[in-house]
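Next come two complexes built around chain A: one with chain B, the other with chain C.
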Partner chain A sequence: MSEFLQLCFNGTALGARYALVALGFVIIYRATGVINFAQGGLLALGAYLAYALNDTAALPFALAVIGAVIASGLIGAATERVVLRKMVGQPVFAVVMVTIGMLFILEQTITSIWGFEALNLGDPWGVQIVRAGDVVLAQRDLWTIGIAGAVLAAFFAFFRFSKLGVAMRATAFDQEAALAQGISARRVFAVSWGISGALACLAGVTLAAGPAALSPGIGAVALIAFPAMIVGGLDSPVGAVLGGLIIGITQALTTGYQEDLFGWAGANFAAVMPYVVMVLILLVRPYGLFGTREVRRI
Partner chain B sequence: MASTRSAPDPGVEMLAVRNLEVVYDDLVLVLRGVSLTVADGEIVALLGANGAGKTTLLRAITGLLDIHRGKVTKGGVALQGTPIEKLDAPAIVRRGIAQVMEGRRIFSELTVEENLRTGAYTRKGRGEIAEGYARVLDLFPVLKDRRSSTAGYLSGGEQQMVAMGRALMAAPKLLLLDEPSLGLAPKIVEQIRDIIVEVNRQKTSVLLVEQNAQMALGISTRGYVMETGRIVKDGPAAALLADEDIKEFYLGITGDTGRKSFREVKSYRRKKRWAA
Partner chain C sequence: MSFRRTPRVHGLMTRSYADDLRLFGSGKAKLGLLALVLAYLGLPFFLTSDFWLSVLDYAGIAAIGALGLNLLTGYTGQVSLGHAFFIGLGAYAAAQLGGPDALNLPLPLWLLGAAVFGVLVGALIGPFALRLRGNYLAIVTLGLIFLGEHLFRNLKEVTGGNSGTNVDTTATLGGLDFKDLALLGENFSFNQGYFWLIWGLVGLVALLVKNLVRTRPGRALQAVRDRDVAAEVVGVQLGRYKVGAFAVSSGLAALAGALLGSYQQFVSPDEFSLFLSIQYIAIIIVGGVGTVFGSIVGALVLGGLPGLIDKYSASIPGVSTGSGDSGFISVFSLNQAIFGLLIVLFLVFEPRGLAAVWLRVKAYFKAWPFSY
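What follows is the complex of A and B.
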């Protein structure tokens, strides 16, 4: 039993990171109808920015993270303004290809500045733990869950109560009708990219915290957050968070019970599991758990 | 908001559309030189069959042509004498034109209150917005109890009220309504009509696009009739209501049969006023 709880806790910490990335995907998708494949690049860049501020500029860890989150938000918004605004009105396929191109550009930029070697992002938690009965809670994971939870709650409050948040939901629902109310779609797009960049940075920092955990390949986690978003339903923020948790916990459990359950599948079956879950859920609910069936008006 | 409104020059119209030509996709000429005016404090009806170009005219006035790949190729639109045809939609809302789009277009995933708040997006000042909100709930008491309902679950009439309330939250000088009676029961249409009159009494000019000519001309000072991208008839509402052709085509009171459009009517004059 305690092993099960332990795995669930580890999975929740992992899932919280996926949730941050998946929410970033969903926010951009809802606002602009585009799946942003550059999300992984933004995530890695955010983590490296935190490293630069913390290690090179010698800022305290918390300040470095806050600075990196703000910078990533601005980079996200600037990307929208400089690159994607030119693509407004072009076929979605072309826009998606542009985001894939940006992913490679970001990855190359990172390796040419910081190299390929794994770096230490100096997080203050190290390997400290808290014991709850038989379950070992790593402080880093507790912080990750806490920060992710607080940030997600803040964004849901923003979308529910703030003028801009409500305007963003309105634009996601009907862009022309929102324009008719005087809501600037451009502003909404830029803010969506900004929020998404900031979320990616937070996810990157929580993933990279730990000994030698910061490497250019860190952006690949976005590929796992991808099934999390699909499972939840492309256009549902709540779905993104739950999808992230489902995928995270499934992965942790798969790793834990690998020998007993998936011995026949060879080692590292946990890497495949998110996609298995995605396929199974899509077979039952083609629009994801919380997704809306697309209605096209003519 | 009468106090905040700058007094219009006498002789300057609230809205003046001059010889407007609109092309979609650089190819399809939809408005062929339309001219129309709304004076301050007036209700003006714009009648016409489907496809006449009424909605396109509203898009041209409110800056929504872009996203339909439409363009103004000739002529212009002025609000109180200031040209606005080059402004984008948010700027036009800030200048004081709000609209109720055809088919209501409410944000059905949002609550009624959130829908109304989106209408006040361009306004600053909590006090002003709260005042506007109270005014809208006064006009539409039905919405009071439904503030936190998801707007998509409301009846058609209530949704139309949400759409109108949302537009009024912008405190417009000029309100454009695109077929507000479409698909509503006669009793609800009467309510909507009374509300339009009340809104106008509170010093908002109205351009009312309708297929329900009886209702529209009943509350308007003047009216225009549009067909295939042109204004083919205009005049005081009472005169249009008495007009034989209007009776036949828009009020369903037929004298003889077989005529399908103004084109075939003798009194049809191909007018191109203010033409260059």
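What follows is the complex of A and C.
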């Protein structure tokens, strides 16, 4: 039992990170109808910026993270302004490919600046743990869950109560009607990308914290957050969070019970488990758990 | 005043839809084709550099795979990131069918067998994948890459696991052994023989795809691309054509994979990653989405690029070629970054690719020296 609880805790912490990334996808998708494959690149970049501010600029860790979050947000908004704005009205294929191209450029920029070696992020959590009965809670995991929870609460409050948040929801709902009400779609697009970049940075920092260490490979996490987003439904923020948790817990359980249950499926099956879950859910619900069914007109 | 039909019309003039759909437009096009055929037949006599031949051979393999992807993405409008999976499938199928240690089938049979295997797997996966559209489809086919890589790494009896497998195929056709060709009293190298084999197949596949897209099924596919609901309304059976395009595209990918395996004589799961799919996507974007000609041009430009960068990396400033070297970017990174950059630049500035550039040049010279 305690093993199961332990795995569930690990899974929740992992799922919280996926949820942060998936939420970033969903915000951009709702505002602009674009799936941002470059999210993984932004995530890695954010984590490396935090490292650079902490290690090279010698800022305290908390300040470094805040600085990196702001910088990532600005980079996200700048990406939208410089590249994606030119793609408005282009077919889905073209836009998706542009973001994939950006992913490859970002990843290689990172490796050419910081190299391939694993770096220590310099976070205060390290490998410290808290014991609750038989379950071992790593401090960085507790912080991750806490940060993710706080960010998500702030996020939903922002969309519910702030003027800009409501404007963003209106734009997502009906772009033309929102324009007619005097909402600037450009501002909404830029803010969406900014928020998404900031979320990616937070996800990157919590991923690279502690014993995991910082390496260019952490961008690949975004590829696993895709199933999280799809499971929840492309355009549902609640779905993104739930999808993240589902995928995170499934993955942790698969890792934990690999020997007993998934021996037949080959080593490291946990790495592809999210995609298996995604395919199974899509077979039943082609638009995910909470996604809006697309209305098709001629 | 009476209209007299002139017996000879200008080569560019078309008087019916049948004229528009001709395989070879004008006399000039036929001449151009003849020149290409002569170049194909004659090139290995003059080109003996193994490096340049290998660049061309890789480009030819890429052209076959790109024709398949263009059929699916360019003509049918279905985004697929899973092309690398089918290429891997073909390579492993060739290893199982063609080698003396395996079934030891002759060249036409293992090539065809790999392609048919690809078609079958594509037809099996297609109905599930193609229920989804646009973004959802892109991500599900992305999943195909990861699931495929997992299979390639873990089905050790068939694929050799992480360490890969030898692909020791026979390449003999009617007395001609492409691996060690003796023709007209001359002996040709492995690379020269494979040039003829690969580019011959490129010609065949290009003809197949061209004929497919200029006839009824092709028009149905393009209708699906332009607006699938409208296509359904005018009587296109959506499921059938989407799955059909997916299956044919997978089959061509598997054919390219079989050639790749046979040419390299070895494959490992590392080759069939997301980056390979991205390379193929870059090829059709740079060449021209929705054109047969563009797939081949794109493959010629990009298919040999990794080899070229590798060879000339020492002379590109800032590139580190070895571990002790002081450069800020490795050859591998540079490759990925260049493919990424090409995709972004072409989509932003020339979304229709090199094919469109060529058409513009051609249109300019059509009436030259007059401007219109």
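Quick notes
Assume the second predicted complex is superposed on the first by the 293 of 298 C-alpha atoms of A that agree within 3 Å, B and C clash if a C-alpha of one lies under 4 Å from a C-alpha of the other, contacts with A are read in each partner's own complex, and residues count from 1 in each chain.
What we mean here is this: a residue touches a chain if its C-beta (ideal position, glycine included) is under 8 Å from a C-beta of that chain, and two chains touch if they have at least 3 such contacts.
Predicted model, so just to flag it, every value in this text is computed and none were measured.
Partners chain B and chain C fit side by side in the overlay (superposition on chain A). In the superposition on chain A, A:258 makes contact with neither chain B nor chain C.
Contact with chain C, but none with chain B, is seen for A:223 once the two complexes are overlaid on the shared chain. Contacts of A:271 after superposition on the shared chain: chain C is touched, whereas chain B is not. Within the superposed three-chain model, A:100 lies in touch with chain C and out of touch with chain B [touch as defined at top]. Working from the superposition on chain A, the chain A vertex angle toward chain B and chain C, CA centres, sits at 90° in steps of 10. Touched residues of chain A, counted separately for chain B and chain C, are more numerous for C.
Shared-chain residue A:92: touches chain C; no touch with chain B.
Taken over all C-alpha pairs, chain B and chain C come no nearer than 17 Å in the superposed arrangement. On chain C, the positions that touch chain A within their shared complex are 73, 77, 79, 128, 131-136, 138-140, 142-143, 146-147, 150, 153-155, 227-230, 233, 274-275, 278, 281-282, 285, 289, 328-330, 333-334, 336-337, 339-344, 347-348, 351. The touching residues of chain B, when paired with chain A in their complex, are 62-64, 67, 88-90, 92-94, 98-99, 101, 105-110, 114-115, 117-119, 121-122, 166, 170.
By the touch criterion stated above, chain A contacts chain C in their complex at residues 29, 35, 83, 86-87, 90-94, 96-98, 100-105, 107-109, 111-113, 223, 226-227, 230, 234, 265-269, 271-272, 275-276, 278-279, 282-283, 286-287, 294, 296-298. Interface of chain A with chain B (complex): residues 163, 166-167, 169-170, 173-184.
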